[in-house]
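The same subunit A turns up in both complexes below, where it pairs with subunit B and then with subunit C.
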Partner chain A sequence: MNAQELLQIADDELILGWRDSEWTGIAPSLEEDVAFSSIAQNEIGHARALYELVSRELGTDADSLAFDRHPSEYMCAALVEQRRMDWAHAIARHFLYETADEIRLAALKQSDDGAVAGLAAKMDREEVYHRLHARMWNDRLQAEPRYEDALVELWPYALGVLAPNQRTALAKRVGREEVDAIERNGHSDELLELREEMTMVRRSVPGATW
Partner chain B sequence: MVTEAQVWDALAEIPDPEIPVISLVDLGVIRDVAIENGNVRIEFTPTFLGCPALEVMRDAMANKIRDLGAEPDVQVVLDDSWSTDKITAAGREKLRVSGFAPPAPRDATDLVQLNRAVFRCPYCGSTDTRLENIFGPTPCRSLRYCAACRQPFEQFKTI
Partner chain C sequence: MIYEVFRQEKKGAAFAHAGSVSAPNMTFAEAFAHEQYGRRQESEALWVVPREAIREVHDFPDELHRTYHRVDGYSLKEKLRLARERAGTAADR
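Our next item is the complex of A and B:
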């Protein structure tokens, strides 16, 4: 497993964690406020662990990887960059991402690198709960045209989360035709805005600890 | 010269920062203690990777070791070798007494299982309970409701 592949996953989890946390305080129900906040915390925890693993190889540290890289160096998928959307899109992204992530984690658990395989197995234990939550909402909304429209719109983005050789498995798992994926190249203005926000303290007080 | 038994006793005094009724030793998160030339090496695993109490626990362990006159080396192990099945019997009882249903075994984590009324209310002992929310106030907790005594309670998630 090379550092670049791990950074892609770490960046996905960091940015999605921030996006999920945009529901904190304003989700449609208190239960969902708690759920998305908790999921956000887990995703950012996964990002931290992955950054730490990669940082040993690159001779840096997790915070530097998370916050000090140039915006063009972030490798997250376009799916996670999008700012908080309506509930149908939020659940569609959640369901598609968690399903893709399960496929990606299954492959990582088979890694020859023991540290990578071990971390992936630990992440997967936590992701079980994200998947339960995502499937519960997918079942609940699947008859809603608005939810189906959101799934259709986000589907090419979801395919871009995975490596090309894993995409057929995702299509099969969610019962959709494979289409051209939106790849990880170039970033939206939304990501640049988010990066400004999440690095604000670090940029204004370099080296701050608390 | 500090002994392993002294180290374990000292670590058993450290409460979990988020569920202080249970100690880090009860939780089973301290994987190994090794002593070499006055240095104490501790391996531990966070319950959840995003646990915000990670640094607090690491510092608390290091301070306990310094109090014993030794130099700490706390290693965080990030793999799947810890599970909630490793919470001690005493730890499970402490959880129950303070209103937390202890975690189910590892093979019981699908939604069907979580929805089943197999989880006993820590207040009245009834199994007439239901899942209210997979997620709770910290990553390691779910919310359940007891229909028998009408008491909401927390369930320690299985990892």
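Our next item is the complex of A and C:
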């Protein structure tokens, strides 16, 4: 497992965690607010653990990787960058991402690198509940045209989360035709805005120990 | 729908009422309870119960003051002391 591949996953988890946390305080019910915020926090926790693993190899630290890289160096998928303040889209993304992430984690758990495999197993134990949450919402919204539209729209983005050899498995799992994926190249303005906000406090006093 | 949540703090401990969650069905209730009452590792297990399933029983009249039905209604201590005196075992033990 090379550092770049791990960084892709770490960046996906950080940025999705950040996006999901935008629902804190405004989710459709208080219970959902707590649940979705807790999931968002877990994702950021996973990002942190992955950054720490990579930082040892790259001779840096997790915070520097998360906050100090140039925007063009972030390797997250286009799926997680989007700012979509619409519950149908938030759940469609959540469902597609968690399904993709399950496939990716299953592969990571088989890694020859013990540290990577161990961390993947730990993450997967928390992801079980993310998937449970995603599936129950998917079941509930399934018949809603607005939800289906969101799934259709986000599907090519979801395929881009995975390596090409894992995409057929995803298509099979969510019962959709494989289409051309939107790959991880270049970033939207939405990511630049997110990064501005995310690093605002840290940048306000460069080099400070917090 | 309201679901009542009971929380077990550690293995073997009795479940105690933790609070409630509002959810459209049992699947959601379980997921919500899991996040509300378990995300800080504060629970070993949860019971999630629809509020309607809980029957409240109250009103226990005691018009005749039958205090002997109550644990504190029948003091054994004094009787025991007298009995020991009679038996000569009241003792200095």
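The rule is simple: the second predicted complex is superposed on the first by the 205 of 210 C-alpha atoms of A that agree within 3 Å, B and C clash if a C-alpha of one lies under 4 Å from a C-alpha of the other, contacts with A are read in each partner's own complex, and residues count from 1 in each chain.
Definition applied: a contact is a pair of C-beta atoms (placed from the backbone, for glycine too) under 8 Å apart; a residue touches a chain by one contact, two chains touch by 3 or more.
Nothing here was measured: the structure is a model prediction, and the numbers come from that model.
**Q** Please determine, from the superposition on subunit A, whether subunit B and subunit C clash or fit.
**A** Subunit B and subunit C clash in the superposed model.
**Q** Check the residue A:Ala35 against both partner chains and state whether it touches subunit B (first), subunit C (second), both, or neither.
**A** After superposing on A, A:Ala35 lies in contact with both subunit B and subunit C.
**Q** Now for A:Arg93: first (subunit B), second (subunit C), both, or neither, which partner does it touch?
**A** Touch status of A:Arg93: no partner.
**Q** Considering only touches as defined above, state whether A:Arg104 meets subunit B (first), subunit C (second), both or neither.
**A** neither
**Q** Return first, second, both or neither, reflecting whether A:Leu119 touches subunit B, subunit C, both chains, or no partner chain.
**A** Only subunit B is touched by A:Leu119; subunit C is not.
**Q** Does the superposition put A:Arg19 against subunit B (first), subunit C (second), both, or neither?
**A** In the superposed model, A:Arg19 contacts neither subunit B nor subunit C.
**Q** Quick one: subunit B or subunit C, who's touching more of subunit A?
**A** On the superposition, B touches more of the residues of subunit A.
**Q** Quick check on the superposed pair: does A:Met136 touch subunit B, subunit C, both, or neither? Answer first, second, both or neither.
**A** Both: A:Met136 reaches subunit B and subunit C.
**Q** Pick out the stretch of subunit B that clashes with subunit C after the overlay, from 39-47, 57-65, 75-83 or 93-101.
**A** In the superposed model, subunit B runs into subunit C at 93-101.
**Q** Subunit A residues touched by both subunit B and subunit C?
**A** The overlap between the subunit B and subunit C interfaces on subunit A comprises residues 31, 34-35, 38-39, 129, 132-133, 136.
**Q** Quick check on the complex: what are the subunit B residues that touch subunit A?
**A** 48-52, 78-81, 83, 109-111, 114, 132-139, 157, 159
**Q** Which residues of subunit A touch subunit C in their complex?
**A** Counting only subunit A, the residues touching subunit C are 29-32, 34-35, 38-39, 129, 132-133, 136, 139-140.
**Q** Contact residues on subunit A for subunit B in the complex?
**A** Of all residues in subunit A, those touching subunit B are 31, 34-35, 37-39, 41-46, 48-49, 52-53, 115, 118-119, 121-126, 128-129, 132-133, 135-136.
**Q** For subunit C, which residues are in contact with subunit A within the complex?
**A** Residue list for subunit C touching subunit A: 21-24, 27-28, 31-32, 34-36, 39.
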